[in-house]
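Got a structure for you, written out below as structure tokens; questions coming shortly.
Labels for the chains are A, B and C, by order of writing; each one numbers its residues from 1.
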Amino acid sequence: MNALAARTNTTPGTAQGPPPRRRTALVPTVTLLLGALYCLLPVAWVVIAATKSGRELFSTFTFLPGSGFADNLRDLNTYRDGVYWRWMGNSALYAGLGALLSTAVSACGGYALAVYRFRGRETVFNILLAGVLMPPVILAVPQYLLLAEADLTDSYVSVLLPLVLSPYGVYLSRIYAAAAVPADVVEAGRMDGAGEWRIFTRVALPMMVPGLVTVFLFQFVAVWNNFLLPYIMLSDDEKFPITLGLYTLLEQGANTPALYTLVITGAFLAVVPLIALFLVVQRFWSLDLLSGAVKS
Amino acid sequence: MPNTKRVRLVATSVAVALGAGALAGCGSSGGDSGTDSGPVSLTYWSWAPGMDKVVDLWNEGPGKKERITVTVKKQASGDTLVTKILTAHKAKKAPDLVQAEYQALPTLVSNDALADISKDVGDAKGRFAEGVWQQTTLGTDAVYAVPQDIGPMMFYYRADLFEKYGLEVPTTWDEFAQTARDLKKKDPDKALTTFSANDSGLFAGLAQQAGARWWTTSGDRWKVAVDDAATRKVATFWGGLVKEGAIDNQPMYTPAWNKALNTGKQIAWVSAVWAPGTLTTAAPDTQGKWAMAPLPQWSASENVTGSWGGSSTAVTTDSRHKAAAAKFAAWLNTDGTALNALAKESGIYPASTSAQLSGAFLNPPEYFANQADFYTRAAEIAKTTAPSAWGPNVNVAYTSFKDAFGAAAKNRSDFVAALNTVQEDTVADMEKQGFEVVR
Amino acid sequence: MRNAPYGFLLPPAVLFVLFFALPIGYAVWLSFRKVRVSGLGLGSGARTEVWAGLQNYTEALTGGELLHGALRVLGYGCIVVPVMLGLALLFALMLDTEKVRLASFTRLTIFLPYAVPGVVAALLWGFLYLPDVSPFSYLLGELHLPWPDLLDGGPLYLALSNIAVWGGTGFNMIVIYTALRAVPAEVYEAAKLDGCSPLQIALRIKIPMVAPSLVLTFFFSIIATLQVFNEPTTLKPLTNSVSTTWSPLMKVYQDAFGRGDIHAAAAEAVLVALATLVLSFGFLRAANRRSRQEGAR
């Protein structure tokens, strides 16, 4: 990845070129701001609710900030010796490593399907796609039973592995590879005597970066928010991801009321790493890798 | 118990297996015998908060002596936990001990997930009310769990608002209906309470109070009577109140419901002994304004309540140390220190009768500080709990209830028709599985 | 070079077999079986798994609930898919416009709902939809306007669709936007020199260029719609109008995890998968044929 990043940084972003005039495009900006407002309003509720104390949550005006954020944070921090942070770490591990592996696998598969013409290409592609037809809800139990055969349940691996292959990621990679990796570039690589693997890693991968970061982002969020698979697989709450951990705070039996304020504050904090990830990832969308690579 | 004998005669395989289960419980079969002498390590799935701290008392006390270490793996409560246990059991990977609600026990036993621990729980039986203990035996000679907490039902109301509107605390359901109507007349914006279909346990408890016995056995057949006369009476009663608009028809546990309780839009709640905890979250501004009374009765001469909630500790058939696990389960739910810790750390209301008036229960819950005798009265009410009769597919009946009564409450339509749907669904499911069912 | 594509496809193929094909096969196998109880069904050996043939399938098809759920979901999909994808395309094109301000802020914000975990979604929408606590209902009340009951009848579909559109637009926007970024800038320069307006560039060049991504988003939106689960499950605790079997997948979930009948659930899941197969791959095939025809022209 490092070599790749270094390479991309050396190709200057010639994106849309310097605009001739510095006037704001009004219609697009306003449209986007309206869209942002629509999307932000419910999210704002999570932020505001995280500041409310248990007393204020159900009794004050919905969008009125409360006074309990510091207390909520402290309660969350001390809840069972800070197990929340452990869940956060677990989620980061599942989502980070899972998305990385998933992106690598998607890149391989998508590249092969986009660049090569071989017998059974469409069949392979369709079979991979068909994997999403069976609802994941029903697959969790068989996946559990199969991993139990290998004695892998209740382990980090049991949550990581089933999510590595993402048909969505493969499809996306195929489309982006088809658009971003011109056949003549691959052909030129072969003329130079480069092996297929070398062409893939040195020439094609850098061109696919914008698409691959998208795959990574999607897969990261998908694993981060995944619930049912870890629910079935894990019994040890030290291995729980954040979604499952927060769920145990909501469902503590009738004797103990749900810890709403902890759950909301926890959910709010759990969105922060996703925002950070997005901010990092979106830098890669603005690189015009295609033209840079063709020129070099 | 003639019933069990017949089962054993009819299905020999079952008989052999039941016998084997009991033997395994004694520690004389399988891997149990040799291991009990050495150090034993057990896992325990529980959703109760603070359970790890209670278990620490065992690990540092009696557990240390017996060289039995228990590790809690905290879970989320709910119906899906039963599926999770059964899925794990299918792979022979269920934990040694599980927390299970009473109505889930027949389902778990029916899937052969729970071990018979009758030989290992000693004199535990005497610590519990008859009706509570019977839920763990399913009417057989076996014992499948040790009761942990119970949820005897009670009537909660806003004492200040009852006074303001000149309402009397209802002692019968007729008075309850009249109270609801009186309140509507005095203030149409308010409602005494709501009929909520999103927790079937509430309705099951109300039916239980009226004398319903939904699942019973006769010979080796199940008798399903979800639509028996007692339950029909309860359904007609609540359906009538919803239809005439005397009470609300929106579900409980929503932000709107919390607000209704907090602002006095709803001024009473038919609930169970654990209600103070829920009210603390839902209606924080009205602390000290509520009072608890026994559930209204069907006739003035009666004194009986139902139960809503409550759970037990069970040992799974996958455990390789069943005797040790049973020993722990018995300690957890009968030992004074353990029960005190459970009350303090997990906020449970103990099933053990002696614990109901000791230690943690000398003072009322904080939310009910104004009602000094809260737990004394609670213990008296708990004694009047009607026996319950659970069957192997309570989950099916509960799901069907949520949908049928949810729709009926929304449309303010016939509750008895909805009840018939629940009965039909429950019977159909059992017949599909191959149970012989008497209606 | 001949074997190269197979080498690249090996990792996804192995994972596919292990975590898709095998569990799917197992689920299909389960769908043809059922549990048989003897006697009271208590104790070990009382339950045996037996061959059920097509019984689970006929029951799922004749039970009515699954079909009703499918109809509800089709109605819901007719709102969600066009609105969500229309907005996603619109936003993506706007983001790709020159001189647009605050692009990275709006891009992040529109994507953000996708990151809100389902665990809090029910609370969130409860606070926004239920008239007693909703700030919007409060505002309308101040203006002496009535607040519609969003959780019943026709408005329920709008309430559900709103959650889906809110959560999914950003995701699809990013897919389309990423594709737009892959279009070489030279293409636009040429069009601009020819005197094309930004709108013309968008309609004549950009949309055809990202057609494969639009097909992809459509394909997966059809699947997501037929397998809709989160949105109605989110609203279920708030209202009596959403039953536990409102959508086909809720029925699957309910049978598997509520009723503990994995066999019936597996059969229903297979039926849902088949319906999804027909609709989604039918669409894909039609889309491919069209693009091929256009390519031939």
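We take it that contacts are C-beta pairs under 8 Å (C-beta built on N, C-alpha and C of every residue); 3 or more make two chains touch, one makes a residue touch a chain.
Note that the coordinates shown come from a computational prediction; the quantities given were computed from them, not determined experimentally.
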Taking each chain's C-alpha mean as its centre, the one farthest from subunit B: A
Chain closest to the middle, measuring from C-alpha centroids that were averaged per chain: C
A-B compared against B-C, more contacting pairs: B-C
Geometric centre distance via CA averages, subunit C-subunit A, whole Å: 17
Geometric centre distance via CA averages, subunit B-subunit A, whole Å: 41
Whole-Å gap between the CA centroids of subunit B and subunit C: 37
Residues of subunit B engaged with two or more neighbouring chains: 80, 255, 259
Subunit C, residues touching no fewer than two other chains: 123, 127, 133, 256
Residue numbers of subunit A (touch at least two other chains): 58, 141, 145, 247, 250, 260
Subunit C - residues contacting subunit A, complex: 1, 4-9, 11-13, 15-16, 18-24, 26-27, 30, 87, 90-91, 93-95, 97-120, 123-125, 127-128, 133-135, 138, 166, 169-171, 174-175, 177-179, 181-186, 188-189, 198, 209, 212-213, 216, 219-220, 223, 227, 229, 249, 252-253, 256, 262, 265-266, 269-270, 272-273, 276-277, 280-281
Contact footprint of subunit C on subunit A as seen in their complex: 14-17, 19, 21-25, 27-29, 31-33, 35-36, 38-40, 42-43, 45-46, 49, 58, 61-63, 104-106, 108-109, 111-113, 115-116, 118, 121, 124, 126-135, 137-139, 141-143, 145-146, 161-162, 164-165, 168, 170-172, 175-176, 178-180, 190, 196-197, 200, 210-211, 214, 217-218, 221, 224-225, 227, 242-243, 246-247, 250, 260, 263-264, 267, 270-271, 274-275, 278-279, 282, 285-286, 288, 290-291
Complex contact set, residues of subunit B against subunit C: 3, 7, 10-11, 13-14, 16-18, 20-21, 79-80, 82-83, 86, 106-107, 109-112, 138, 140, 142, 197-198, 217, 220-222, 249-251, 253-256, 259-260, 265, 317, 392-393, 395-396, 399, 402-403, 406-407, 409-410, 429, 432-435
Of all residues in subunit B, those that touch subunit A in their complex: 43, 45, 47-49, 52, 73-78, 80, 84, 87-88, 90-93, 95, 149, 151, 255, 258-259, 262-263, 272, 274, 277-278, 280-285, 308-309, 311, 346-349
Footprint of subunit B on subunit A - complex, ascending: 54-55, 58-59, 80, 141, 144-145, 148-149, 153-154, 231-232, 235-237, 244, 247-248, 250-258, 260
